[in-house]
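Multiple structures are listed underneath, in structure tokens.
Heads up, the next two complexes both have chain A, just with different partners, chain B and then chain C.
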Partner chain A sequence: MGRKITIEPVTRVEGHGKVTIRLDDAGKVTQSRFHVVEFRGFERFVQGRPYWEAPVLVQRLCGICPVSHHLAAAKAMDVIVGAGPGKLTATAEKMRRLMHYGQMLQSHALHFFYLSSPDFLLGMDADPAVRNIIGVAALNKDLAVQGVLLRKFGQEIILATAGKKIHGTGAVPGGINKNLSPEERDRFLKGAAPLNIDQMIEWSRAAVELFKDYHRKNKDMVDGFAEFPSNHLSLVRKDGALDFYHGVLRAVDAEGRKVLDDVDYQNYLEVIGEETRSWSYMKFPYLRSLGKTDGWYRVGPLARLNTCDYIPSPLAQKEFEVYKAYTDGKPNNMSLHTHWARLIELLHSAEVIKELLLDKDLQGAKLVKKGKKVAEGVGLIEAPRGTLFHHYRINDDDQITMANLIVSTTNNNEPMNRAVHWVAMNALSEKPEITEGMLNRVEVAIRAYDPCLSCATHAVGRMPLEVTLVDARGNVLQRKVR
Partner chain B sequence: MNDIRFTIDGKECLGKPGQTIVEAAKANGVYIPVLCHFEGLKPVGSCRICTVRVGGRFMAACTQPLIEGMAVENTAPDLEDMRKSLIEMLFVEGNHLCPSCEKSGNCELQALAYRYQLMAPRFPYLWPRRDIDASAPLLMLDGNRCIQCLRCVRACRAKDGRKVFAAVDRSHRVKIEVDKKLAAHLSEDQARRAMDICPVGAILRKETGFAVPIGRRKFDRAPIGSDVEKGTGR
Partner chain C sequence: MSKPVIATASLAGCFGCHMSLLDIDERILGLIDLVEFNKSPIDDIKTFTKPVDVGLIEGGCCNSENVEVLRSFRKNCKVLVSVGECAIMGGLPAMRNGIPIRECLEEAYLNSPTVDPEDRLIPNDEDLPIILDKVYPCHEVVKIDHFLPGCPPSADLIWEAVTALVEGRPLQLTYDLIKFD
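Moving on, here comes the complex of A and B:
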């Protein structure tokens, strides 16, 4: 008799989702789906609110990377107040960059150390009761402490730039509301060990080494797990460098051919379409030039290191060269290599933070610039989880009339479904018994994309996930809810 | 004229003839919370946050003139609890979403909620449907946050003395409306004053939100009432 497996909730991810896998009488997988079952409606209730409120309001989508929403909305509002790309003061742009790279540091540290490292350090089949950050601390206290303090350092940077560690108010349309005082700067540059930027760079390097070492020892698994070809999309700096704050849209296919290049994101609607499907609240974006079937793409660390030409900081660039050499310079389509890419980005973030802290522009007094107001603006940013789109229109009374948000995790919707399907086919199909470890592999595949399901549906709440096993007649045979 | 002797919670105080209890208390370093009252405006005693007890009777301290020998109760537990419940009622009968409100940190209602340690209201939220009028060039009026204190109605006037704001309707349906013709010609100073006179985030000078960073806003620097209690409010 056929079966249906439900994994609900998916754990160690942000938000609320579930997986269903259908098997036929022979136990062969016939269908697998990753559903996101939250709904929030931010795009609707932001309507009528004044445009300058959006950066503070919409960041409430998320408690993990609110800075991304805050800055993407602020960038859209920059356009609306006539201070779009390139027009902000040096102090404003660099303060926002510092805020954003601080966030990348904390979010990537959170994801690797808290959410994903238990799978690698303790094993995918380890007892779920110990397969968590506490288990990691019991195994390697120093490593767990490094993860916690890397995150803390990033949060402190956000506090100094946005006024609060979570949901601050730093960015305003056309600029920023504070600069960085010399005291704040010195605390990050020369703070008592371990909370100073040199220590963070060192620990970030060690984290990259940790993953490389794990990879060397588990090459076949890491390379083969949920490996599938796809397109990749991100912002890159005009000269092709990795840039999390600003750039032009670039997309490459699985072979590295450029599908999009040098696209001004104000015109994103011309190149990106969105499809809805009945079984998920999360939309499915695609590249219009390739169509709905073939145009899906990945975003996030893996995609960014596939689209960019180089990393503009020395230590991360060195690691990037090693990383690229592994695939002979071709795009990397191995899902678990996302962790490798993420840790290289962690190192890059720490290096950029140091570079910014040494920049005297951060103590500048010119914070806001405005020009001729227009009725529409688009703001894009590379959030920790990938490209984030914010698009707003306002009326003559300064009220928002339309908002469209395409969140990083939404961009990764199809890839996460593919990854789940890969695991279903390779780990669950035609097996006599379904173990907890097998189900965790489904989650490992999802977790590699560091999804934030609350953001993706613009939904509230923590992220439980369920897996359901259904038979050929639709009867639920096994359901895991955590 | 001679000073008036009175006590607040047993503390010996001196006041001037013509002073209200709120004014005299402030001069003696005692804070009595107010919302509908604003220094320089004729008090109306409508919000009742300033309620004190004198001789067993409740009275609005912002309107009650000082009388020789008065024994004012200000911080009795039942009075404080009543004030807290008034703050709670103001929260539930409007749509006060502090996390995204630009008046956060400068809002008197929010500051009082912190002072009275309001964690969650004991009354059900009413979630009323309220309007936003953003048609004036410099001002936005957000009815969601209005507590009908009428400070704007009393304080904001055009050059010819006409009122810029007015209360429309009665009872729980009362709402503040702006005179669109007058609002269209407000100066920068008038618009700023209208925003500053509003104790909450109902009247906003457009396009200036969030300009002051967290940590430097009015009540980040000093909790509400602390200036009076430290003696700087004299």
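Moving on, here comes the complex of A and C:
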């Protein structure tokens, strides 16, 4: 008499996910799956729309990091209007960078403080009623305030560069529609405490320390939890530096050997393929050179710090060296170390924002460039959750005829399934009773990847968590609701 | 006296309205003194544990599951609010309403340039909810008491509406709060 466990919805992730775990008579796990259950149809309904609408339309796939979609689409449209990589004005490229690094700051702060820190600060087995940002505030108000204000600062940067905190309109094909006024700049640089960039850098440093301290005290759990080897993919700057806005594709395997290097992403179809499976609306991408079975890879903070050679800002580089030393310079395959990597990226983002704010190019007047129009363009960006692919074709009437999107979370589909399987095997299999804390561990594994399922299905929504034990004939044996 | 209870849901939306709710920033820490949160994606309460005073709905209905969640919100919430364009009129997801759903699925799964021809299939599984023919605004499925426009509605609009509702004040939504973008 087999049983099936359903966790639905997965909460404190951004989007709509569901986990099913099937158990046999002995309570042994026979199958585990992480499903994405909504479908949008974006690829079809964007057809016929004028190309210049894409950056404004597509970001509405996801309100968590709309800037990523906004900029990936804008980068694809830059190519289409003949102003592709390297051809934008300095003002346009730097304004977009500022927008993007502002978004990295807000998204990473949101993920760590609002969504994940309750698991670490309150405990995975804590009462679900307090396992949230409010519970964190009750425990450590200062820390909660720092999280809230870090996110706010990032959102304010987005407002100043994109015109709106959510679903802005700053980037246009071939450039940007505004520069940064000296007043806006000074507010970020010298604003009254705590809302200025130096305070953000300080708090980001403290966040890295907080996680390092947690790690020191919980080494075995943090290192061992959902640890498994994989390939890692990201954009890196031409010289190998970490770069969230632009670069070439690089992939390394679990041992650090380069599987892909220096690939121009306009040719992404040659190196990336996707598999479809019947039980999820999210596809399964793979590196073509390694094939469907072995070619799956991780993206996001963990992957980026595995693929890049260094971080081009001093404080984050110092933290990067400590982080790399922990694995003797080898790729880090420990799922929960993603949090460590994410916080180093938070610090890097704050440092880059300061560097950009001090750059006079942001007050430049040349905003848009145009060249010879072509019918097809690909735009890639490192979104907070990992590499994001946008690919469009247009016709002679400037209408979109084809859109293909591979969003960050889709790239992490197989790794998230592996992480769920790891927890199912290690925490749930052959246990006499299934507890709420065990089920939360499944979600902790998923949460490490910060999945944005709204993007992935091109949707969102969440449901109660209900665990139903069902026998092989579908009879309900036990139901647990939290 | 017990605090007013709030619940939130995101149906076929992009989560941007929830993000705009979080854009009340520091006020969220004060909000905790005013209200108590029940079922919401930003916490781990997955089913209603008590009657709710104000339910905030983001997104319209694109599948059977959205309809179930919306109905359970209507049943458990005294006041139900459609937050943002998707809840109010379907929003961007409703751009598929003029196109047969099969064409949308074919474009995503059968025509994708990254999927090899032998791997092309349309997902279909007992664990996936049924997709509706169209995306429906919430008030076509259940009665909705208030509508907050915007894509997303601004944090100030959400703040004003929520605090008015929990304090039992009439909603005073001035033009600058409800004007679109």
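In this text, the second predicted complex is superposed on the first by the 458 of 482 C-alpha atoms of A that agree within 3 Å, B and C clash if a C-alpha of one lies under 4 Å from a C-alpha of the other, contacts with A are read in each partner's own complex, and residues count from 1 in each chain.
The criterion applied here is as follows: a residue touches a chain if its C-beta (ideal position, glycine included) is under 8 Å from a C-beta of that chain, and two chains touch if they have at least 3 such contacts.
None of these values were measured; they are calculated from a predicted model.
Asker: Tell me which partner A:G41 touches in the superposition: chain B (first), chain C (second), both or neither.
Answerer: A:G41 contacts chain C only, not chain B.
Asker: When the two structures are overlaid on chain A, which partner does A:L242 contact: first (chain B), second (chain C), both, or neither?
Answerer: neither
Asker: After lining up the shared chain so the two structures overlap, which partner does A:L57 touch, if you call chain B first and chain C second: first, second, both or neither?
Answerer: Both chain B and chain C are touched by A:L57.
Asker: Quick one: is A:K164 in contact with chain B, with chain C, with both, or with neither? Answer first, second, both or neither.
Answerer: Both partners.
Asker: Between chain B (first) and chain C (second), which does A:V172 come into contact with in this model arrangement: first, second, both, or neither?
Answerer: A:V172 contacts chain B only, not chain C.
Asker: Between chain B and chain C, whom does A:S280 touch in the aligned arrangement: first, second, both, or neither?
Answerer: Only chain C is touched by A:S280; chain B is not.
Asker: Decide which partner touches more residues of chain A, taking chain B and chain C as the two options.
Answerer: C
Asker: Just checking: does A:Q155 make contact with chain B only, chain C only, both, or neither of them? Give me first, second, both or neither.
Answerer: A:Q155 sits against chain C, while chain B stays out of touch.
Asker: Determine where on chain A the residues touched by chain B overlap those touched by chain C, and list them.
Answerer: Comparing the two interfaces on chain A, one with chain B and one with chain C, the shared residues are 57, 60, 164, 167.
Asker: What residues of chain C sit close enough to touch chain A in their complex?
Answerer: That would be residues 9-20, 22-23, 25-26, 28-29, 32, 37, 39, 41-48, 58-59, 62-63, 65-66, 69, 91-93, 95-96, 99, 101, 103-109, 111-116, 119-125, 127-129, 131, 151-152, 155, 181 of chain C.
Asker: List the residues on chain A that touch chain C in their complex, please.
Answerer: 6, 9, 11-12, 14-16, 18, 20, 33, 35, 37-47, 57, 60-64, 66, 110, 114-115, 128-129, 131-134, 137, 141, 144-145, 148-149, 151-152, 155, 164-167, 269, 272-281, 283, 285, 292, 391, 402, 404, 406, 440, 454, 459-466, 481-482
Asker: Which of the residues in chain B come into contact with chain A in the complex?
Answerer: 99-100, 102, 132, 134-135, 140, 204, 206-216
Asker: Which chain A residues qualify as touching chain B in the complex?
Answerer: Listed in rising order, the residues of chain A that touch chain B are 48-50, 52-53, 55-57, 60, 81, 162-164, 167-170, 172-173, 177-178, 368, 397-399.
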